[in-house]
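Below are structures written as structure tokens.
Look at the two complexes coming up: chain A is in both, with chain B in one and chain C in the other.
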Partner chain A sequence: MEIVVAVKPVPDAETRLRPAPDGTRLDPAGVKWVLGGYDESAVEQALLLREAGAATAVRAVTVGPAPRGEEVLRSAIALGCDRATWVETPADAALDGIGIARLLGFAIAKVPHDLVLVGKHAGDDESGIVGPALAELLGIPSFPAVVDLRPEAAARGFRFQEALDGGTVRVEAAPPLLVALQQAWNDPRTAKLPNILKSRKATIDRVAWNEASAAVGPTPGGLARPTRFRLPPPRTGARMIPYKTPEEAATALVRALRDEAKVFP
Partner chain B sequence: MTRPVWVVVERTGDRPVDAVGEAIGLGRSMGASVRALDVGPASATVDAALAAAGASGIVRIPPPPGTPLTGAVWAVGCLAALPPEPAIVLVPSTVRGRELAGRLAAGWDAAVATGVVEAGAPDDGTVHVSRPIFGGRATEELDLTGPRAVVAIRPHAFPANGTPTHPETTEVPWPSGTAVPAARLGPFEPAASAQGPDLADASIVVAGGRGVRSAENFRLIEELAAAFGAAVGASRAVTDAGWRPTAYQVGQTGKSVTPQLYVAVGISGAIQHLVGMMSSRVIVAINSDAAAPIFKVADYGVVGDLFALVPALTAEVRRARSGPGA
Partner chain C sequence: MPDFALTPEQIGLRDTARKFARTEMLPKAAACDRDGRFPEEIYRKAWELGLMNLNIPPEYGGTGLGLLDQCLIVEELAHACGGMTTTIMANCLALEPVLLGGSPEQRTRVLAPFCASYQLASFCLTEPSGGSDAGALKTRAIKEGDGYRLTGQKCFITNAPQASLYTVFATVDPAQGHRGITAFLVPRSAAGVSIGKEEEKMGQRASSTATVLFEDVHVPAADRIGAEGEGFNLAMRTLDQTRTPIGAMSTGIAQAALEYAAEYATKRQSFGKPIAEHQAIQIKLANMAQDVHAARLLVWHAAWAIDQGSRGTLESSIAKCFASDAAMRVADEAIQVFGGYGYMRDYPVEKLLRDAKLAQIYEGSNEIQRIVIARELLRSLA
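Moving on, here comes the complex of A and B:
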């Protein structure tokens, strides 16, 4: 059984957010692109399954421009992925989630993909669209918020728990399937220096944009177009409640929440 | 041209989730007819809820008995009923609703956005939406172009418009020849904190952090939450220490929440926590350290000993909620 992990370069958590000059999206200037937290979880999950003997190989796949598309794949290889596929997009291709899913589907359909792993969502746009859309395009079931994925001992398949709104469901499912990892329950490993060095020379399979772009359809960029990137008005800091006794603080706070903020009761 | 609106019904037990009523309200504000699209067995309770919420019609697609309602199966049912003509589909932006939105957009060739908190469909043929990104640290506005759009709305972001209707129910047969992928779903097990509302869906969240100091003391947080009728959350320090399970965790590696009111108790405000709660409408912080970063994002702050403040606040909230003027 072979595993494909779809990953996405996202801005580092420390990135200073500001709009690009045209105001429609995040200013990419100076952004450090990394493998996101949920994606690290997905890679870790794939490696654990391979180490448990449930999978023979793990391939990381990404869609993105140079150099960050390549860099995020080298990070995945340094963590232990065996192979990688890169759909290199033009720097100015602002693809929506469905466009990315179509490109991923085009690349993944060419390789064995008994299990496709993705993070629950990317840490930047937080859409959660690409995984399920990819599953629909590949014609396989998807499970959107999985924790505790383990190989099924008895049969060729998996057992896991889905963390839905308000509760959980236990699932047994057979490949091929797509699983989105809910959170970092598996404590992702960090890459060791010799592996980082080796990953720089690893071969990355390329899917040419000319060949792949037909998969996006006739609309360059896709149907969802960003028109504005805005930041919330700066929070000016908390209004501090003065008090002499805890009871006085409680009374003042409840009054403020009820009469001023109108959130309660 | 006003496009017809379809609202996909997500059920919990034998009733639609709250966001279904909110989606129907939004659909009606777009000036269109709103049909509820329900993949599930006939249910008088669901029909009554959809009528009360203002649906103009109900389209029901009962799956073959015993079929596990995975996202793939749900999408097969929806795609059997949705027309190829221009339309807008609204779904709840829950875990399952978001999955459905992605599958429908791919299968129905539509533009899609999830986690939407503002939406409008003017006559220019696009749907304008806005949605928080980067854990609420920024907002993106999108134009959903093309004839078909799928919009997943964040629970509690839109008001329900409860002008009741008398919708007719039409049944659409399950499409023949569709392969149902093999999966076995166990029963739905409600989260352990079943007394209160669900964390992701709650309009008030009370969360505790390292300052609470022990698993036993965390009871104080739960009592305050119970007084508010709130869900209970925790910072990573709490779940890492094993005081409460990871399901309680709010933040980068836990849940993102956007309640009307977020009360942070003994939480210093590391960025990893802030990204999960910063888009809450009103934030209250209670912390012994006046320099804690949480006070920079909070609207109201109380500096002091939480072990004295929280019981006093719990008592005051109980009083306020039971009072005649409440």
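Moving on, here comes the complex of A and C:
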């Protein structure tokens, strides 16, 4: 039983984001790329399953340009992944979710993938397309918002809960399957120093862009094209209500909420 | 040409230390400082991640990092808590004499257990009657049978209450001055070893500090590090290695003080605008930023020189001395930027000043560092 975790390099939450000069995308200059939160959760889940004896190996797979694609895989190896596959894209390749899923699918189809784990959506665009699209391309069932994934001792499969609006559904499923994980039900580990050092020397299997892009069809990057990328407008300032007594403050606040903000009639 | 770009490996090490510092250390730093609590759960986690024993080579199970790598890690840890950082770093100090002067048998026997499980060691040099004048220490090692009988007192010893092993400097012949000083390994379990009361410190209160007493402790000859009389040199060479990380710790404290002050200055209003828009505050922040930047560069340079094989006595003394003085200046100014709030324990900056103060005193006071710097300077002119 081998697990594949699809991961994506995303901007570190502390990075200051800027639009690129052409205004259609994020300016990658100065961005620190990291393994996103949902992906960290997925890697942690895969390692827990392996440590529980439910899997023999964990492979991290990513699609992305140098050096960030390689770096995110080395981070996954430092956390404990056994192997890694990198589909190296040109620096200027514009990829949408379908494009990424196609390239991931091409790489993952070549390796054992009894269980494919993904974060429920990427930490940057949050589109949530890659998981379901990848399952479709691989011809395996997918479960889009899973928590508490555990190996099923009796059958050769998995038990988990899927989050729904207002509740959860319990599922048992046999491999092969794709599971998209909710964040924060597990506590992703921190890489140990000796593992960071070892991860620098680990072998990363590479899938050449020419080979992958030719195999996935005429529009390897996908169909969507971003037209504009901008930051949200700065928030306008808060207003302090001057008052002498608590009653006066409450009255002024209720009036502002009702008459100006119109939060109630 | 110098190259200040960190390797991907160094970035990985630094980021792990940063994550650990922010998620594990920082949330508990204020409470440990207030209560003087030794957070063993944090130190165990630090050990698990490999953040302790940074100087032990891979053949004994350690990471064997270079000094620059170590300094990157130490700065991040100290950004969250100087006291915890001192405890985490203390094994490097206590075990360095074994690395530098121990026999192959001693290195295997002593170093490997520290990498195999969480254990602490303490460096025992300072005595109640003196620290800087290490050549005049009074702890006696009298030759007896197949070993030595050790008698004396060591004070201000980091991690002493929790340590399982002490690296002790004692004299085999007081008449010989520093030429009589010899280093020994003494386990906590040896008969005659006892720990005095834990000190109440001004800062760095998450680390523990106590006196260690040796009363007729039998030390086998196999636990002597190096030859008789080599102890003083061993202690000095050890401090040459560990001084630079004290500079890195100071830089971490200073960086934290600068960040707190800059952030506060953009939020706190006076005379109708954020105080960061007043030139008086801008000048403070600019001076603080210069201090932090210069401290970091001196630390990096000293670490780099030592990694290149230089003994680095001059460079490390400059780095430690400047960075710890800078940390005091920057923490002091951070309190000033915070005004009355900065003087209150509910705000994080007064702790930084108390934590920084120790860096001017321990591992060679800054007065000693200046003596060293002047001596090296004048020797080069002679």
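Here is the rule we go by: the second predicted complex is superposed on the first by the 248 of 265 C-alpha atoms of A that agree within 3 Å, B and C clash if a C-alpha of one lies under 4 Å from a C-alpha of the other, contacts with A are read in each partner's own complex, and residues count from 1 in each chain.
FYI, a contact is a pair of C-beta atoms (placed from the backbone, for glycine too) under 8 Å apart; a residue touches a chain by one contact, two chains touch by 3 or more.
Just so we're clear, the structure is a prediction, and the values are computed from it rather than from any experiment.
If you put the two complexes together on chain A, you find that chain B and chain C both fit without a clash. In the superposed model, A:P67 lies in contact with chain C only, and not with chain B. Within the superposed three-chain model, A:D125 lies in touch with chain B and out of touch with chain C [touch as defined at top]. When the two structures are aligned on the shared chain, A:G37 is found in touch with chain B, with no touch to chain C.
In the superposition on chain A, A:I196 makes contact with chain C only, not with chain B.
Of the two partner chains placed by superposition, only chain C is touched by A:S75; chain B is not. For chain A, the partner with contacts to more residues, out of chain B and chain C, is B. In the superposition on chain A, contact of A:L117 is made with neither chain B nor chain C. Our summary of the superposed model lists a minimum C-alpha distance of 7 Å between chain B and chain C. When the two complexes are laid over each other on chain A, chain A has no residue in contact with both chain B and chain C. Within the complex formed with chain A, the chain B residues making contact are 12, 17, 70-72, 75, 94-96, 98-107, 109-115, 128, 132-146, 149, 181-191, 194, 198, 200-201, 204, 228, 246-247, 249, 252-254, 256, 260-261, 271-272, 275, 279, 281-285, 290, 295-305, 308-309, 311-313, 315-317, 320-321, 326. Chain A meets chain C in the complex at residues 67, 71, 74-75, 78, 190-194, 196-197, 199-200. Chain C meets chain A in the complex at residues 8-9, 12-13, 16, 19-20, 23, 48-51, 54, 58, 63, 65.
Residues 13-14, 17, 25-26, 37, 96-98, 101-102, 123-137, 140-145, 162-174, 177, 180, 183-185, 217, 219, 222-232, 235, 237-241, 243, 245-247, 249-251, 253-254, 256-258, 261, 263-265 of chain A are the ones touching chain B in the complex.
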